[in-house]
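Here subunit A shows up in two complexes: once beside subunit B, once beside subunit C.
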Partner chain A sequence: MDHMTSSSRTQWISGITLIVILFVLPVFLNEFGRTGEYWIWVSTEMIIMALFAMSLNLILGFGGMVSFGHAAFFGVGAYTVALLTKKADLPLFLALAAAPFTAAITAAIVGWFCVRLLGLYFAILTLAFGQLLYMIVFQWYTFTGGDDGILGIPRPEILGPTNFYWFCLVLFLICFFVMKMIVSSSFGLSIKTIRENMERAKFIGINVRRYQLLNFIIAGAFAGLAGGMLAELNRFAQPDFLHWSKSAEPILASLVGGMYSLAGPAIGSTVLIFLKIFLQQIHPSMVELWAIVLGAAILVVVLFAPSGLVGLYQNIYKKFQS
Partner chain B sequence: MATPILSIENLSKSFEGNQIFSNVSFSVDQGELSAIIGPNGAGKTTLFNLITGALVPDEGKIIFQGRNIVGMEPFDIVRLGMARAFQRTNIFPKMTVLENIVITIITRLKGNLRFVKPWNSSRKIERQAFGILESVGLADKAHQLSGTLAHGNQKRLDIGVALALEPKLLLLDEPVAGMSPDERWETVELIKELWNEMSITMVFIEHDMDIVFGISQKVRVLCYKSLLAQGPPSEISANKQVIEAYLGEEV
Partner chain C sequence: MTWQLFIFMLINGLCQGMLLFIIASGLSLVFGVLRVINFAHGSLYMIGAFLAYSLSTLLSGESLLGFLILLLVIPPAIAIIGFVLEVTLFRRVYREEHLLQLLLTYALVLILDDSVRVIWGGDPRSVTRPDLLAGSVDVMGMALPSYNVFILVIGPLIAFGMWFLLYRTRTGNVIRAAVSFPDTLGALGVNVSWVMTSTFMLGCWLAGLGGVLTAALSNIDLGIGMEKIIECFAVVVIGGLGSVGGALLGSLIIGTGLTFFQLPFGRWALVFPYALMALVLVIRPWGLFGKPER
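Coming up: the complex of A and B.
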């Protein structure tokens, strides 16, 4: 028992240290002029994509459902912010608050059909719905701006790069703790139970589809918020946000980071973005190598650390203790 | 006078033109401990699948506590008070033994939609769970991952999960299959004890005739797509048709 409390204490201490570092980071980066400002922008993107990856992992890691259409909800969130701020002149905060709702409604409709199917069929149907929404956004010029997207999303004066970073960090932390609460709740245990053995779950009285749908909607809502935040960071929304390749990003992030922990996908996402930008910094042409580097990274993880970086860390930590 | 808790009326089922049951009817009295026997392929497990809603019959009624449950979803039937333990162990392997029981209790109490409190914050549920683990002899393994338990213990946990539903009717599909001889009798004793203490109606499928005739009050024989015979063990073991069709090979 002592063991557990001491390990949870180290967890708390390292968690709080990390949060403090994250808050102080832009102050430090601001010392470096334009380069620093660029890295603040990158860090903000990392935070947003970490939230996106964690949102997918609610269904992927905790729910055991592979979705190839998660970017659809991310994109719906992004377009919600873009359309509400640009066309309806709503303040950013209201538009951002609306993003998870529109994404959740979309997820409810898509999910209602998808949870009727299992495994690969579920995955393919999410892909089909995702691409369907992508095509709608891509072609509906009068509403979504088609392949041009929506440019020039207004930014409130107060939200300079540093303030916007902090704003996103606070939103991320709130979402992190809400997700932590959800996965440790009775609902979270129900979801894990379904992942572990769907058939048996029915025979202890769990309405499997209902909880899968609810989980799908919750994951969609968080993805929508992340999408809205990215639209505001970039100050544009484009159809690519809904594309299936965008859906692959959080899957890869979860794989690399470890999908059986809450923070794993966030860590995986951050590491992958860092690698990509690191390549870019060495030489712009190196980006062409990105696919190879990504492939190699995934290969290493699958072969040597199947439970991701978090699993790797836990194994090393255990060895150190014994 | 005992009233039936479960009545099967004219049940028929076929798979791709292959008739499994035709016109099977019987009823299970409240509080009885009974066995279903029959040769391999007689459809014993299929019968359980039909009763629990995993399969839908082509024809016939299944009346559970006065209510026709044909066409209901398995999870709704469970909520009416029917639980089953499986022939092949069917638990939640990457969850601890305690978690297996706790989620079952949470589900019985309809607590699945709680999003805020941690699932392990209820002392009351934990106490109940330990009570059940105690009764199936797994309390000392509560924090072990259930997938790492020995086979016999996994089957006991499977029974424990079913008990956590506080069922009125418990269907056990070969509860001692794959166990060592010692484990078998331990488990049989356990089943009998649970039946004595909890006033649950129990129906079990079993191949071991010593067990069947040792503990059941009533035996039903499934054979040739229908119910060949039913009655107290003494009657069944003396039934010529049953001996010819089934017991003859073994006894």
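Coming up: the complex of A and C.
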């Protein structure tokens, strides 16, 4: 091992500082009464959606596979938690533990078909499967509650807003470090090799389909966990969680944040949610215009800064240093 | 099922299919030439429908003339919107990766759909059918809505028109050459970027036409763009990306399939397009009429 360079040391220091700030945040917010509680709720949502965005980026940024059906696994996780706690009376922690498994199983079945296709066709097939699952959840009244969804997911006594925030934060940090390990493992390197040059990856003996499928399943599992957490936060699950426009959210987050880094999508997702709430706070009617603002922002990123905020920051950082 | 009911459902299914074809063929044509899947096609279709509504309130509809004006004015208006979008935005991403192209068109969906919400609001609307098409036609003892029959006539006309344009005119030769050999075509002195712009406009014209026809067929609301674009994807994938003939077959399969499955399966019939789309992609990704990617 070579000794730590100064830039990786600053990264560690800023990372730890950020984690400490995130842990202390609700204590600070609790000083502000109702408003503070609202922002704790918002922060929890940000953490969950950041996990969702990062899970997609395992296949999008690191694997180079554009999926428009990722929300399906998010939704499966959400419905797993909703159904297990509501209909099977399982404790929340068990239900949350089951969410990544059901999502992974779904991802294994869907992915088995999808990894056979490349590029655009892969994207459309994931979209087709995603919409298929959405339609099934939407129509199956007796099991999923149809378009009403499942309301009133129970919440354990000890998990008040602040405790639930901490709970989600810990889960997020665990997932973050697991993903970091995955990305920098030999598996992660193989995935990046496939992204950069599939032919070459085949030549050096990488089983492309198997690696892509495994990556697809892992991403699905993390998405399922995020979905389960969101269902618990909102205390409901609805078919919209599986809709293809929900699949677009982590893609946009990855684009805005930068898809060639692990933390980029998390940053992008947080920035987007913050912008939305910020607009809402300026004036309630601004919510109407949110999609226009978001669309315009994406246009700007696509046309002028395709490497996202992290890429932009790196460019500026490099210029600053030289 | 009596044979009369069968015929009745078949005609209704074909009518749905023809309407879908008019919209989906535009998406397919644009993909064939530009190699961009335009998510915003559904939004343009929706704008066409809402513009038709607004113009019809100005024209005091019900007269055949008013409806003809809608059919003559709205589709070109959508084509002009398409022209602006192509020249300012699409043109800049043709050489980029698929993801950026998809995101660009998705950004347009967000902007256009929300603009429709801001301008027209969320209430369902519809265009009054002209007197001539408001009644029903008597076919073999069954009363068929004459508007559905009208769409059944328009659909094949559009299909024939597109076939004629693509395979029997010089313009069509140029468009088809732009699909297969854009670089050679450019070397031969054809302005390829103008071919792309006009093809895009033609696609948008079809979306606008579909919008006008829908507005008088059923209620229109803010969801129809998102709903229709996914149906169009299904059609285009089943028929083969870029193939107009395939789009016709795909539309008719989905239109009739949806109608017939509604009898035994009820609302579950709505699963059919997605299931078929996934099935075709798994078995024959390039679609029934398409060719495997080069």
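We adopt the following convention: the second predicted complex is superposed on the first by the 318 of 322 C-alpha atoms of A that agree within 3 Å, B and C clash if a C-alpha of one lies under 4 Å from a C-alpha of the other, contacts with A are read in each partner's own complex, and residues count from 1 in each chain.
Criterion: a contact is a pair of C-beta atoms (placed from the backbone, for glycine too) under 8 Å apart; a residue touches a chain by one contact, two chains touch by 3 or more.
None of the values given here were measured: they were computed from a predicted structure.
Comparing subunit C and subunit B on the residues of subunit A they touch gives the larger count to C. Applying the stated contact rule after C-alpha superposition, one finds that A:A291 touches subunit C and leaves subunit B untouched.
Once the two complexes are overlaid on the shared chain, A:T10 sits clear of subunit B and of subunit C alike.
Once chain A of one complex is fitted onto chain A of the other, the partner contacts of A:F129 are limited to subunit C, with no touch recorded for subunit B.
Subunit A has no residue lying at the interface with subunit B in one structure and with subunit C in the other.
For subunit C in complex with subunit A, the touching residues are 37, 89, 92-93, 96, 98-100, 102-104, 106-111, 113-115, 117-118, 226, 230, 233-234, 237, 241, 267-268, 270-271, 274-275, 277-278, 281-282, 285, 293.
Looking at the complex, you find that subunit B touches subunit A at residues 52, 54, 73-75, 78-79, 83-84, 86, 90-95, 99, 102-104, 106-108, 111-120, 161, 164-165.
Interface of subunit A with subunit C (complex): residues 60, 66, 68, 113, 116-117, 119-121, 123-125, 127-129, 131-132, 135-136, 139, 244-245, 248, 251-252, 255, 288-292, 294-296, 298-299, 302-303, 306. Against subunit B, in their complex, subunit A makes its touches with residues 181-182, 184-190, 192-193, 196-197, 199-208, 211.
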